[in-house]
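Input: a single structure, listed below in structure tokens.
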Amino acid sequence: MNERLETFCDGVFAIAITLLILEIKVPPVDSVHSVPDVWMHVGRLWPSFFALSLSFIIILISWIGHHNLLKAVDKTSSQFQLANGYFMFTIILMPFSTAFMAEYLDTPFAQPAIVFFCLNTLLHNTGWNLLHRSVVRPTSLLKDSKAMALQKKASRGARFGFFLYGAIALLALWLPYLALVISVLTWIYWLYLSISIEYYKKL
Amino acid sequence: MNERLETFCDGVFAIAITLLILEIKVPPVDSVHSVPDVWMHVGRLWPSFFALSLSFIIILISWIGHHNLLKAVDKTSSQFQLANGYFMFTIILMPFSTAFMAEYLDTPFAQPAIVFFCLNTLLHNTGWNLLHRSVVRPTSLLKDSKAMALQKKASRGARFGFFLYGAIALLALWLPYLALVISVLTWIYWLYLSISIEYYKKL
Amino acid sequence: MNERLETFCDGVFAIAITLLILEIKVPPVDSVHSVPDVWMHVGRLWPSFFALSLSFIIILISWIGHHNLLKAVDKTSSQFQLANGYFMFTIILMPFSTAFMAEYLDTPFAQPAIVFFCLNTLLHNTGWNLLHRSVVRPTSLLKDSKAMALQKKASRGARFGFFLYGAIALLALWLPYLALVISVLTWIYWLYLSISIEYYKKL
Amino acid sequence: MNERLETFCDGVFAIAITLLILEIKVPPVDSVHSVPDVWMHVGRLWPSFFALSLSFIIILISWIGHHNLLKAVDKTSSQFQLANGYFMFTIILMPFSTAFMAEYLDTPFAQPAIVFFCLNTLLHNTGWNLLHRSVVRPTSLLKDSKAMALQKKASRGARFGFFLYGAIALLALWLPYLALVISVLTWIYWLYLSISIEYYKKL
């Protein structure tokens, strides 16, 4: 039913996750004067590598979740198609948010970049919530009662995530670095959850 | 029959839709002097985000339509291969048209960018018409009589679109912003149609 | 047998063909002073659009040929894997050759760019020949006698192409524009052949 | 079981291998004054083409190995998912390491770039070792005893690679060019092995 949708989304996930690296720019050879100079310039790229790693984890978790949800679904609907489109849109924004954060993280102007990144994760969570809603309303697209039980559990996590990422985005306005640290911790936790509980594994 | 064609086209769709984000450039850190400055620079990116969203919707609708058409087809022909190649070519042009519009939309020189974008949608519509024509002539590639009825309905929409996007492209020469607003409205309407009527859903 | 190889190669084809558009740069808004100025700048991009179209056709034909060859093959070998790797490498070079030609085509320094492009097509043809050789030697990987007959016919075209593109590359050293025109004509001819004869269609 | 994982990873492999070409920049037309000048500028791109070829071979070998390993596996686990994620991350880093080496290889500041490239191959090898470990521990994900025997052989090569690439990375600190030559030789050897022994071919 949704096979070609999966192929298409897998393509978008794979491209978005790989494009992240294009935003890390090699220090131009004209700007360096010695070997230690090069190392220093590479060292200064740490915000880029940090942002790359964080976005990599976020997209990977999102892919695992999307994959699991689609395994539980065997029908389709307008609402589902629309929610999925919006969900993919928030993934496509990630390379920009990542590059923005990478450019500003160690400058005095980091706040807007961190807020923007947090807003992107909030938008992404909204997409995730809409997707979960669309598989149960107006009609259930889920395979069976087992899929329903697992989806219910996962959707509760999604709703909780909405308040969590809303709060983090607000916090980022005043305490951007603290908000970022909390965000990182939540993603490590989701990573742990998404590969260990494996909600839909036995479907 | 057309499985590998689908994989290839899905790849092109997925890449074109994701490359759109690469055209949105982070404001260089050297050009800002304060946090409000950064927000202002990000705010000035609105034409980029507008163009990105519009192109995202167009490519998504195109993918849904392509997907539905290929579900109704179970043969292939030279004409079909050629029309499909041209159709994909017009999709590949989208990231350029999008970047062009993003760069010029809020300048006094927006007209060429909007005309170019409208021409791209017109070319894309032409591809869509050729594709529809190629599945019925010289020989029908359609699965069954049900597919034929649905394809006939869809191809009428495609022909109507040709006159619509031709008119919009002409209008853009004199009243570019009005043309753009009308274009946006048509795409919202197509989006609504493509996910709600779901012509080929029951095939 | 070669399903995942096909997926991987389809990905590379799709990405290479879509990346071509990234090389066409929107004229920077600072460099224009009036609406006719913008049109003039866009008009000056014609070498980019020409190079894009040519490379699009080349990669499309290459994809069709690769697709048809793999449909005739149901085994694999080291030689085949290696030849296929080299074949894909020559596809990956295309976006660079295209960008090179786009940048130099209407300058007094077009010769190196055209020679380079012709060398790329020659390398690609070599890959095509190696691929054809690898499916018959040291052991045949072909499905049946029908596949053999069709492959034999196609491989004759590939060998002819080697002398043709070798001659074109040589000619480009002295008469680059003539060489380019001949190259374009050959590709239109291959396009016609690849979609009309459809060697392996009935396999 | 792991079909969609394969699709996703194939996408990442295909994109990473194709993005390599984007890092080779056409010499700007303003910087040249004659046809021999253009050739000279193109000639100076040799580190880019060398780095491209090397990275192409590395990603290709990695893809073949990944492909073979997944053919031997028919279950999944948290450890496997995590190891695979890390493995893909090291592939995504390749376009950056390649661009870095391309920019610095023929300058007096090549050492950091070569060390960085060697570290990337070391990280990649680590991912390969973790992946091999994850398919046997805590529980075996392998299909049958034949798959186990072949995986055991391959994992021995992976462990050997860890010491090899660790030593090469260390050597690169003092004798970067020698380290690079040795690294190239090892990759040619792996290429030979990966297409000739074809561990899992008969699975």
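Read from first to last, the chains carry the letters A, B, C and D; within each, the first residue is number 1.
In the analysis below, contacts are C-beta pairs under 8 Å (C-beta built on N, C-alpha and C of every residue); 3 or more make two chains touch, one makes a residue touch a chain.
This is a predicted model, so every value here is computed, not measured.
Are the two sides of the subunit C and subunit D contact the same residues or different ones, given that same means over half of the numbers occur on both copies?
The interface of subunit C with subunit D is built from mostly unshared positions.
To lay subunit A over its twin subunit B by CA atoms, how big a turn is needed, in degrees to the nearest 5?
90
Measure off the straight-line distance from the CA centroid of subunit C to the CA centroid of subunit D, and report it in whole Å.
26
When the C-alpha atoms of subunit B and subunit D are each averaged to a single point, how far apart are the two points in Å?
Taking the average C-alpha coordinate of subunit B and of subunit D, the gap between them is 36 Å.
Two or more other chains touching the same residue: where does that happen in subunit B?
Those would be 7, 11, 14-15, 19, 22.
Applying the document's contact rule, which stretches of subunit B touch subunit A when the two form their complex?
For this pair, the touching residues of subunit B are 6-7, 10-11, 13-15, 17-22, 24, 26, 28-29, 32, 34-35, 37-39, 42, 52-53, 56, 60, 63-64, 67, 191, 195-196, 198, 201.
Mind listing the subunit C positions that touch subunit D in their complex?
Checking each residue of subunit C against subunit D gives 4, 7-12, 14-16, 19, 22, 76, 78, 81-82, 85, 88-89, 92-93, 95-96, 99-100, 103-104, 107-109, 111-113, 116.
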